[in-house]
Amino acid sequence: MNLLVVNLLLALAWMAVNASFNLMGFIAGFILGHLILWLARPLFPGERYFRRTWGGCAYMLWLVKEIFVSAWAVAKSVIGVGDAVKPAVIAIPLDAKTDFEITLLACSITLTPGTLSMDVSPDRRTLYIHAMFAADPDTVRAETKAGMERRILEMLR
Amino acid sequence: MLTAILAIILAAAVAPTLNRLLPALSHWVLALVPLSAALWFALQVPGVVAGVPVLETASWAPSLGVALSFRLDGLSLLFALLICGIGAFVVIYSGGYLRGHPREGRFHLFILSFMAAMLGLVTADDLISLFVFWELTSITSFMLIGFNHEDARSRRSAIQALLVTGGGGMALLAGLVLMGMASGHWTLSAIAASGADLRAHVLYPAMLVLLLLAAFTKSAQVPFHFWLPNAMDAPTPVSAYLHSATMVKAGVYLLARLNPTLGGTEPWFWALTLAGGVTALWGSAMALRSTDLKKILAYTTLMALGVLVLLIGIGSDGALVAFAGFLLAHSLYKGALFMAAGSVDHGSGTRELGELGGLWSKMPATGLFIAIAALSMAGLPPLLGFVAKELIYEDVFRNGHMVALAVLLLANAAMVATAATLFLKPFLGAPTKAAGHAHESGPALLAGPAVLAGLSLLFGLWIALPQGLLGATADAVRGGAPQSLNLHLWHGLTPALGLSGLTLALGMALYFGLSPVKNSLAAIQRLTRIDHDRAWDCLLSLLQGTANRITSALQDGVLQRYLAWIFAGILLLLGATLVMRGGFTWPGIRLDGDDGLGIVLALLMLGGTAGAIRARSRMEAVLSLAITGMSVALFFLLSGAPDVGITQLMVETLSTIILVLVMAKLPMLPPGPDRSRPAKLFHSVLALGIGGVVTVILLAVLDQPLAMDLSRFFGDTSLVEAYGRNVVNVILVDFRGFDTLGEITVVACAGLGVFALLRARMGKGGQP
Amino acid sequence: MADLIQALIGILAVGGAVFCLIAAIGVVRLPDALTRMHASSKAGTLGCGLILLSVALFFPGIDVVARAAAAILFLLLTTPVSAHMIGRAIYATGAPLWKGTGVDELKGTQDDPARRLGQ
Amino acid sequence: MDSLILRTGVRLLLPLMLLFSIFILWRGHNEPGGGFVGGLICAVGFALHALAFGVRAMRLLLKVDPRTVLGAGLLVGILPGFVGGLLSGAPYMTSQWLGAVGTPLLFDIGVYLVVVGAILTMVETLMEEGED
Amino acid sequence: MNAWLTAAPILIPMLTAALCMVAWKHPVVQRGLSLLGSIALVAAGGALLSIVLNQGIQVVQMGAWAAPFGITLVADPLSALMVLIAAVMGFCVALHALGDIDPVREKGGHHAVFQILMTGVCGAFVTGDLFNLYVWFEVMLISSFVLLSLGGLREQIDAAIKYVAINMVATACLLLAVALLYGVTGTLNMADLSIRVPEVPNQPVISAIAVLFIIAFGMKAALFPFFFWLPATYHTPSVAVQAIFAGLLTKVGVYALMRVFTLIFTGDSGWTHGILMVMAGITMIVGVLGSLAARDLNRAWSWQVVAHIGSMVMGLAIATPLALAAAAFYMVHDIIVKTNLFLGAGLVRRLAGGSTDYARLGGLFKTAPWLCLLLFVPLGSLAGFPPLSGFWGKLLLVRAGLETEHYVMVGLLLVTGLLTIWLVGRVWAEMVWKAPAEPPAMAISTLSFGRTYLLILPLLLLSLITVSIGLQPERLLNLAGQVGHSLTDTSAYVQAVLGTTPSPQPTLLGALETEAMP
Amino acid sequence: MEVIMALAVGGMVAGAVYLILSRQYLRVMFGVILLSNAVNVAILTVGRLTTGNPPLIAQGTEVMDHAAANPLPQALVLTAIVIGFSLLAFALVLGYRAYQEMGTLDTSAMRVAEPEEKP
Amino acid sequence: MTVFLETCLAVSVGLVAIALVLTAIRVLRGPTEGDRIVAIDLFGVLAVAMIAIFAIWLGEQVFLDAAIALALVAFFGTIAYARFVEHKAALKAKEPSDG
């Protein structure tokens, strides 16, 4: 993570030389710094900073999109024009291992369409979710594992 | 005089120690103090008789106009002599009477204290000093009556006496203060000078009633007479001293003292003669009925007090001279009789007439003194009692108070019979078992009766000796210029002498026909059955019952009702104020654009409130309250109070957390309604009423202009002088930082308190 | 440009408010607590987030943006956590789910909160 | 309260909250905030930690007894008021400034500590009560 | 220096409390601190009173912010007198606590909380700011909550429930009253209020606010119908706490009433003082009847506290200089006597093995004659026996009442006095005279020598004060007279607070900082 | 706005009084919470209300805008809130202790300190 | 501030206010404790939204701090409620096994 510090320093330096201590200055400095570091990436072998940042950004964007989608779905079902509400409590076996992975997964599930994390089993192998449109629980299970969990694990590992 | 009082107090203070050091001698030593005081007072006689009162003043509470001022005129001097003189013998007597008693020292402490108080009372010129000494006599007599305090009856009698005389004391205080204020003077002598103004004062009746109440309770006049016989539970020296010679005469003294100021009016005359007459009759009748020596003496005391009051009420010159004479005569013979009766009790072990007889051979000295004193009481020559009685008859007859005369005749006849009873049967009657082991008492017990009986005889024979003082006394009571007096034991064949003869005959008839008389008396009493003791108990238990009922109705241990009282009080007071004072103004609704949101927030607050009321479970209530709380926070923010808003949110949450932590350990709310239907109605009325009243006041307040100078000052100086841009914070830490200091003290204390609640617990049963 | 940003701010605010309202309607209309939670967690978060975004755009200065971002971050972090807590609690109370609920793969297993709490 | 998700969440949140509380305390003199709100946020953070990880864990994290914090806070609140008096005989609580640091700020720190100490004392004893 | 002396009654106990809290693990240190702090407070109180008497009203502006803006502390004769008497009570009770308090309560923070209570009491006496008064009332309140429940005995907790519930309502009333008054005048400084209140256009609303103050302070002072919390609680906590509660807490409410209804609300006195009068009368009677109904010594004394609150408020309601002086005198007397009575009852309980049911006590004359002598003083003073302090108070009140033709009130006062005499006589007869029913469970001599003296010394001290006031009342009468005059003519007070506007004092650091700040 | 708030305060006070008159200690406490909220609103209201405009001195100016909200009542409310919270916290824990000692939270059944007199 | 923005803000305030009222209704009506907690949680979030709108509407960025603070502590409140409900459920679950 020390590359993040370097990146932030670069951003600060940019702001300093431009005397633009505002958001735009910071964003510009950060992006510029990041580009520079990316260009210099052979200097840092084995560093996962870039994959993480890019992955993180991608994940964030995806998540935001999913939030929109899910809010929209909720909106429709609230007004009564969406899919028929067919809730179910579904167990999802976990590949995620660390606290952070599991938590991130659980949070993401909650924020995305139709699903809500309810509990993690004490042995941390199963995540129980509540799904709103679960005419077929297996589909939900598969989609969650393939979509959400895969992305998180890709980003974090 | 102050010296004398202080000396006696000092003697009282050292009495317990002295008694421990010199158990056999202490009473003789202690008696020297009142004896010397009596001597000093005796030395004042010529001057006082010559019309020059002795004055003394010491500063006490000048800002209230209260001084320790004393004035010795004839009346005071006569009383002072009796107090110190009889007092000295009572001290000696009690030393003998209580020999070996574990609390003898304490007894002397009390009786000497009482003596000092009594002395102060009769010599005080300052109204407040008079009251102080008056109350002190009540307290010390409480201690003395309750001296045998393991005995429940003693305790009861002591409290009874305390209450009756204490009630009189309250009246006295009010009466004296009224008198002082009405006259503008705070000394008796000065007030006496403005007596005419007082008698015309609009508050005269009030003063009269109050002061008579004080005097009648103290002097046991009907209907306040009942405590006196009960007070005889006290040791005999106490009876001899307090209940014959001194304390009960304090009321008489007060009346005599006030005679020049308040006397001479119709109400005065009627009140005193009526009370005095009835008391005299009552006392006589009861004396005849009694069989306990001390009880008999107590009732004759009542009779004497009644006569004294009656004489003051009549108030003519002669009556007042008679008053002085009878006062002296009674004190001497009654003191002697009480002490001698104690001696009989001491020697024979009983005071019951039925168990006494034939003591003459065993207790000749006691018998002799009783005989002399009884003769004086019966009013036979050549004793002082005779002179006094003659004086009374003479004046009453001359003034034509025929009813009074009849009363006096009856009363005196009863005295004759009683006197006979006291002496004849116990000493000359057939010997009884008690007489078998009877023995004569020692010098300590006999000194008092001897001297007092002797004085009764001496003064009777040599009436010129006390004549000057008696005249001065009468002058003082009359309040006029001194009048010359010429008394004789034998004053010729007068109507008074005839009346005396009649009295004697009647008395003898009473004595010899005793049992029929007694029976008829009993019958009369049954007809007018007033058991005063029972009545007293009823009165007290009525009072106690009232106290219990009111208290348990108010303070019934139920928080809900306490709060209902409180809210009812709030509603009543505020509501009455709004109704009676008016002032409600409606500020007028000026709705603007932001008010829509205000209305929504207000609705949310009220919705939360309603939810909390309606809630079936605590969770429901808490969450409803959370709505109110957050809406309030939003309102704060909307009103431009970010600090307050944030704090409200924080506190709201923290309260929730603590609530939840606590609630997790508590049971669920019980099902069913929280209160009964009527309670619901009543509480709703209270709630809506208070809410309404608060709104009304708030609206009226909001309609007033508000001065903003404080806030403007804060706004102007916050940055420039206190270096902060957040004015609210600067107020909190600087302008009004002292408030915040108190506030954090509260917070700290609450933290400590919660800790203490949960951790500092004593075990069950009160011990750690 | 300024007007455009202002328009954007306005649209974001209204959009956020609309989602807020939808969340509220959902909470009122959906059949049981768990389904209502879907509405509140998703639409509520989105609505609030959008409004915070509009604030960030409205005020100049990095500190405001930072604070708005922090607020959004908190929101994204806390909403799922609290949803998880509430969901688990609801389930633990053993309150019956909506009658339309399909399978329940948690009920009666070793992991059933209601069962775990009883131990 | 064995919730993995909550614990992870709190682990992320607590430092942020503490930071935020100091921030609020520091700038309270010029913008909304101050010792009280700051202290509350700090206390809420620790209380949250206690809720997720248990009281003992919180106590380990805090390192000092909350009651000591309480007393110290009160003392810190009281003492700055004397500075003016000691220097020039001015009345109690007369503020003294040295640059941007003044006795009112010290006082505010006292407020902060008292709030933290008091609330944590309450939370700690209450939660331990439950564990018995 | 005088400025610091005026603030000292607050700062000394507060600092003591803070130090006690820091040293919360070391009871011995706390004891020392408590004693030292109490002594210092007495010294400060004495010095303050003498300065006030010699140099006039003392005023200090906290933080050097001029009067209506900052918080003003004012020591006028009444305040200074109350501070001194409170300090003396604090000292006596602290002393008693050293001998009496058990380790559990000590560990629970008794000394610290006690000092906080003293802070609140003294703060309420010297503050010249209405909201600040509220704050000190709260300080008093929370510390009394803690002290009341400290030890956690069942009856303590029960009592605390009632105390807390009622007093929280009282607190809200007070706060509302202060807020409303601010809402019409825009100020909180009491001297400033006395100028602005008469200028408010809508005077009836002032009356309503005044009545709200009667309610709020009436609850603190335990006036009818707001007194219920008092008899429900005062008999439950430790002896030291009972004593200080009985001595001081309600009197602060009376003080506040006296302050507010002489300085601020004098415009509609026919109505407001009439209400006070009626409440005072009923309070006296109900209080004394309650004391007669009680079988427990402590409960009887609690009711007596209520009864005599009525007497003081009667003085206030009459509101002549003499009546106010009477109220002040009576208050001083009552504080001493009530403290003493509860301390005495505590000792009796020790002797009698845990019971204070006076019908079951007895034989004190035999077991502890000296104690009886000591107890006689407060008992006699309570009953108003001359020449003890209570007598002078009663005399003053009677005079004040009769002068203003309040005959009914004087009658009630005297009836109350008589019934009190009954109570005292009864207690004396049962407790002192009656033969002991059972052998006393614990004689005082079983305590260590030092502890015995710690228990007796305060009793002796207080009795001596009572006797010396009784025998030499002039000094206190004079002082009470000054109080009466200063309360009826408040111009000196207002002048002292608002008259001179002190210029901000240049300070060493202040000179440095002017450039440094933005 | 002031009139609205005066009415709201009245309503809250009424509700508080009703709750305080309950026999259940916790309800009493709920009433106390409401009451202190009501009084706090009242304090701010009697200081007269503005919309927004907090009493802060903007950068670049030396004195507060005179149209800003009245700062003094705000400071008072802050103090009152904190004090109210402290009292409440204590009172709540006291309730817990009462339940522990007496096994009930029904105040009319709490008769330890003032036991029922035997008739 | 443009008229459009002002209108938007007014509309937003109105919508969020309605949302608050609706959510409050759910809090009050329940019926289960879970429903109430869900609703109060949303109420907190809506309050954050409202405060944020205030910030723009009243032009005071300081409100943002209030929003942050609320976001943080409202979360805590919800956790506490949830914990309480679980606790009660646990008590209930234990009872039968005891008896």
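General remarks:
To keep things simple, chains are lettered A, B, C, D, E, F and G as they appear, and every chain counts its residues starting from 1.
The rule is simple: a contact is a pair of C-beta atoms (placed from the backbone, for glycine too) under 8 Å apart; a residue touches a chain by one contact, two chains touch by 3 or more.
Note that this is a predicted model, so its numbers are computed, not measured.
Counting hops only between chains that touch, subunit A reaches subunit E in a minimum of 2. Here the chain at the heart of the structure, going by C-alpha means, is E. Chain pairs D-G and D-F differ in how many C-beta pairs are in contact, and the one with more is D-G. Of all chains, the one whose mean C-alpha position sits at the greatest distance from that of subunit F is B.
Put simply, the chain farthest from subunit A by mean CA position is B. Between subunit A and subunit B, the centres computed from C-alpha atoms are 90 Å apart. Put simply, the C-alpha centre of subunit C and that of subunit F have 31 angstrom between them. Averaged C-alpha coordinates put the centre of subunit B at 78 Å from the centre of subunit C.
In this assembly, the C-alpha centroid of subunit B lies 69 Å from the C-alpha centroid of subunit G. Among the residues of subunit B, those touching two or more other chains are numbered 548, 552, 555, 557, 559, 563, 610, 638, 640, 642-643, 646-647, 650-651, 653-654, 657-658, 661-665, 694, 698, 701-702, 706, 708, 710-711, 714, 719, 723, 725-726, 728, 732, 734, 736-741, 743, 745-750, 752-755, 757-759. For subunit C, the set of residues that touch two or more other chains comprises 23, 25, 32, 34, 37, 39, 45, 47, 61, 70, 74, 77-81, 83-85, 88, 113. Multi-chain contact residues of subunit E (touching two or more other chains): 14, 17, 21, 62-63, 131, 135, 138, 142, 145-146, 149, 152, 154, 161-162, 165, 169, 176, 180, 183, 231-232, 513, 517. Interfaces, counted as pairs of touching chains, are A-C, A-D, B-D, B-E, B-F, B-G, C-D, C-G, D-E, D-F, D-G, E-F, F-G. Of all residues in subunit D, those touching subunit A in their complex are 2-5, 7-9, 11. Subunit F contributes residues 51-54, 56 to its touches with subunit G in the complex. Interface residues of subunit F facing subunit D in the complex, by the touch rule stated above, are 54, 56, 78, 82, 86, 89, 93, 96.
Subunit F contributes residues 1-24, 26-28, 30, 33-34, 37-38, 40-42, 44-59, 62-66, 68-72, 74-75, 77-79, 81-90, 92-97, 99-100, 105-108, 110-111, 113-117 to its touches with subunit B in the complex. Across the complex, subunit G is touched by residues 3, 6-7, 9-11, 13-14, 16-18, 20-21, 23-25, 27-28, 32-34, 36-37, 39-40, 44-45, 47-48, 51-52, 54-55, 58-59, 61, 64, 67-68, 70-71, 74-75, 78-79, 81-83, 85-86, 88-90, 92-95, 113-115, 117-118 of subunit C.
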